[in-house]
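Heads up, there are several structures right after this.
Two complexes come next, and they have one chain in common, subunit A, joined by subunit B in the first and subunit C in the second.
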Partner chain A sequence: MSTAVVETRPRRNPVPLLVSCGLLAVGAVLLAVFLGVVAIAPAEIVAVLTGKGSGEARSIILDIRLPRIVTGVLAGIHFAIAGLLLQAITRNPLADPSVMGVSQGATLGVTLFLLFSVYLNDPGSTARVTALPLEWLPAVGMLGGLLAGAFIYLLAFRRDLGPLRVTLCGVAVGSILHALAIGLIAGWGSARIDVLLEWLAGSLYARSWDHALFLAPFTVAGLLALYPLRRALDLLQFDPAVARSFGLSYRLHFSLALLLACGLAASAVGVVGPIVFVGLIVPHLARTVTRGRPALVLPAAIALGAIVVTLADLVGRLAGRADEIPIGVVTAICGAPVLIALLRRVP
Partner chain B sequence: MPLACSQLTVAYGRRIALQDFGLALAPGEVRGLIGPNGSGKSTALQALAGLVRPQAGAVTIGGEPVAALGRRALARRLAYLPQQPAAPDGMTVEQLVRQGRFAHVGLFRSFGRHDRAVVDWALESTGLADFADRSLRELSGGERQRAWISAAIAQEATILLLDEPTSFLDIGYQVEVLDLVHRLSQERGVTIVMSIHDINQAMAVCDRISLLEKGRPVFDGLPADLAASGLVEQVFKVRGSFVPLASDALPHFDVELARRRTGVSAA
Partner chain C sequence: MKRAAARLGSHGSLRPTAWAIAITGATALALVLGLMAGARPLTPGQLLGVLLTPDGKIDSILVWTLRLPRSLVATAAGAGLGVSGYLLQTLTRNPLAGPGLTGVSAGAVATIVFCFVFMPWLSSAFYPPIGLLGGLAAAAVTFWIARGGRGRPLHLALGGISVSLFLGALTTYFLMLSGPQVPSLLFWLSGGFQGRSWSHLAHVVPWVAIGLAGALLCRRVIGLLLLSEDAAAGMGVNLAFWKPVVLLLAVLPVAGIAPVAGPVAFVGLASPHLARFLQPQGPGAMLALSAAIGAFVTVSADIVARTVALPRELPVSIVAALIGGPVFVYLAQSRSALSGVAR
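Take a look at the complex of A and B:
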């Protein structure tokens, strides 16, 4: 018989961890409100937040910084949840929205839209960026992402939906869509390419309340849908045969989780572009922080998604001064070492 | 009759893995499935668990066709444990065993007193109460196998299907698993079907034995009759015989090995 040391560990209280995650998120947002390229006195900012303050400060805080921060928080939450869901159901720790072709589909959608919309609106003109209907980009990006996700789902569904099938179909279709988009850009580029490149890098530049309002309904719906899905998500991490014999309707819940992940990822990609690494790294960070308490991974990931995007955007804003660095570049540069460090910890 | 099937045929593409398989279990019966590798034991168990759809025939639980039951309704009546199942990274023993309660709590109901009591009982009866907070990865093969059995019995199903529960375990753990199987059938009236490679263990633990050869059933009956039939030697293509041990005990199957060891040892 094994002589194990009997360790009756007391149930650890989940409240301190969740509260500190929440406080960190609030702290990150406040930091992002108070710091910026245009230096505004903290007293002035407090005045603006309480409904007073000068016109210029009000316009910088309320019309530029806050909507940008809120959009970033929402997008961060979307990427984090989408990454967590995809990693769970594909049972692949390297999954992120690009695995389901969502990023690539959105890229192709936005590329096509930018190329053709010019001719639709104003035939015969030389495309000027100002003439581009930029307000449609989020919806178009989201549609492209969803179509790619749906196509991959159908491909995998026809051959017995499963973690490996979905991943392989996703990678294959994703690379084709990506190649098509790059080909179009290379062969057809013009002034539009600036808009496209900025969007491709993943950027929160000039995001307004309209963008935040576009995302908010999806965020609320996604968070509400997570509650009934939480136990199914635990089971989806098992082998399909095991999950089914535990009593899970595997196909149904796999499909629901996939739909939720694609919806969240596609809406966020549409608004801020494919911010690299957030969907991949935040779930790993959340697992590291919660260590062995799987029930807390989801709330931790939500908070960390908001924190990571807010701070990364702040770094991009401050580091570049007038020419700010797109957040996608910041997350890629900072994310890679973090990922390698996290993977080293896993035995 | 808790679990029955007749004329069950399962094919993967063109390859027929199971043909005309029939079974009728009495409540509390322990049934052993034996046969060479690839003879269809796992397929038979998966078909009984409703995990593969048969081309012909049907499985019934308490007279109801399995195909008509929802996954959760089925999981409350039947638990299935595959060979060498894998658990998500970092999962603890207790977290695994709690998954066994999904069939009862579903997506919304919270864990009640009864659910917690069943999880404790499942841990207790597999000797894992002290391991509840251990990560599955830290456990030995035998402990991990017991954790999975614990999760399966936490389903409180009256039918338990085990695919080679003793393979890869040392003899000590094999005996523990077989003892647990015996206790579940005797004390809780659980009906059990398990595939197993050790013919002597199968004869000792099982009330009845089914022998499969290339997907076809060739024997269904009492262990003593299996010994008398001469089918084991023929199906497994071994030279061997059943040796009587005592007048009230089942005979013991001994095989002849082709190479007889001499006293010379390798350098």
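Take a look at the complex of A and C:
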């Protein structure tokens, strides 16, 4: 269907669109570096970036702003690709890591982990937040998400791995895991509930270079894995029978794409929490921007994922002042009207 | 046409009819069991006595003012959610559609949480109408995005999910501002029937009844919409009129339920799928089965939620997901799973 659209239109040069997407992403990152709650003169920031500058400015830029921005960019790319992959293979425009149970698995993992660590640290009373082993959260969240993904895969694999079966299994498993997690939170009644709430809303607060370094290998591996999968991805959007008739080994490529999506989503959820909006909306934004040119959707989605997360985090930092607004809240509040406007325009 | 249906019915629709009767019976049984179970269990004899001759004693109060109304609210809410889920899945042609999708639940929740956090002086008696307003406003926005239902189904689905994500984020933000009230709000947010009275029941039932009765009246149109929109238009269905009507019928029950019971998750999404596995013939049977299954799941979940962890209560959505989820997973494994949604 989409190929027909391409052929009836005059071929347009893809370079301007890609370049403008890339420039926008770079611009968003620069904006996020130069703006912040603590006002630093642009000249000072340039000095820091070139390796000079005062100690205070250096620590604010290099230890607080940059790692947070880099983590956000990587997480945005992860969510965007995961959403795109899941929407393609399940052939459902509403698919997203949180629909497929990955986010819920991560949430349950983190909830259980915090529950146990609080209990082990200081049973009965309210320990300080600093006593919580927060540095383990990314790995725990990722493990939970991957386990949920593997469980869903095994459930669907026992039969034929159809798009609908995987989706329904994902929804069912996701709702069970979410129920368990919310039950634990509601039954917990601890004063530390704010740590979990903040994680649940998705937050880039106090993300360090460790977080960025944790994510970077997965980002590189995911992007590299996308290259050999790109033709299969086009075919996976068709009916299984049609895809097979093009010579696609459907089960293998379906499994690979699902694995890639789960890995990317789980690692990102582990670091920044379940940011629902990005994975769901960015693929649609990318499709709208690159109307009728399916080959460009993937690069556009990658750039848009980075832009959306960076700008949303910047807005959250600036608007909230002392206690900032979590990024999940900002993406939904700012992103929803954008998508609604696009939906109103597209016939 | 009728003869063909009858012939089909001889081996096709008998089983679903039996299923519908069985599920309704099971719901009634669950209701009776729910009247007996609780912190102060009653024997069948005691229950019968109390039901036939209500007196002012503690057992009578337990049954007549606590257990019976809340179980009935759960029944009505479950039935309404089942109907709503089925209508939305038909309308959007998306198996993931449910009452959450139109933004109605999110709208009701966001307005009620807003009043709870920023207007604490407001009596909780105002919450149902406020939630209703929020839910209907959210539905109106969704509807506006989907151009009154005349746009593509994708628009309805995406618009609804954008609206509910937007409102959900607002709710999270209000929650973060509320501070010490978070645990009680979280409990309401996970849905429940604790302390629901006859007046709540009177508030829920009309909406559910209108939704169910309206859907049953429109079952011919719904059946045509199930084929495809083109087919429906070809058979003389005025889409510009009927799609908004069906959406309104889907929204009404949720608008009545959300202010009273909170956003009861899972039931609306899963009930139509569970009903499809029983392979009913035609939209009328589908509607009845969806409503019956929704009612059964919600009533049983409510009973488990209030008895399993005495003296505390669990949120009902959690129990619904824990009971219904595995069934859902099991049925999604079955061979007939894929035939349903395409139909």
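Here are a few things to note about the model shown:
By definition in this document, the second predicted complex is superposed on the first by the 318 of 347 C-alpha atoms of A that agree within 3 Å, B and C clash if a C-alpha of one lies under 4 Å from a C-alpha of the other, contacts with A are read in each partner's own complex, and residues count from 1 in each chain.
The working rule: a residue touches a chain if its C-beta (ideal position, glycine included) is under 8 Å from a C-beta of that chain, and two chains touch if they have at least 3 such contacts.
As the structure is a computational prediction, the values presented were derived from the model and not from experiment.
Judged by the number of subunit A residues each one touches, C leads among subunit B and subunit C. In the superposed model, A:199 makes contact with neither subunit B nor subunit C. Contact with neither subunit B nor subunit C is seen for A:113 once the two complexes are overlaid on the shared chain. Looking at the shared chain after the overlay, A:343 reaches subunit C, while subunit B stays out of its contact range.
Subunit A uses residues 93 to touch subunit B in one structure and subunit C in the other. Residues 2, 4, 6-7, 9, 91, 93, 228-229, 231-232, 234-235, 237-239, 241-242, 244-250, 287, 292, 294, 346 of subunit A are the ones that touch subunit B when the two sit in their complex. Remark: subunit B residues 46, 49, 51, 70-72, 74-76, 78-82, 85-92, 95, 99-100, 102-103, 105-108, 130-131, 133, 135, 140, 143, 151, 155 touch subunit A in the complex. On the side of subunit A, the complex with subunit C involves touching residues 92-95, 99, 155, 158-159, 162, 164-165, 167-169, 171-173, 175-176, 178-180, 182-183, 185-187, 189, 193-194, 197-198, 200-201, 276-277, 280-281, 284, 325-326, 328-333, 336-337, 339-340, 343-344, 347.
The part of subunit C that touches subunit A in the complex is made up of residues 94-96, 141, 145, 151, 154-155, 157-159, 161-163, 165-166, 168-170, 172-173, 175-176, 182-183, 186-187, 190, 265-266, 269-270, 273, 309, 312, 314-315, 317-322, 325-326, 328-329, 332-333, 335, 337-338, 341.
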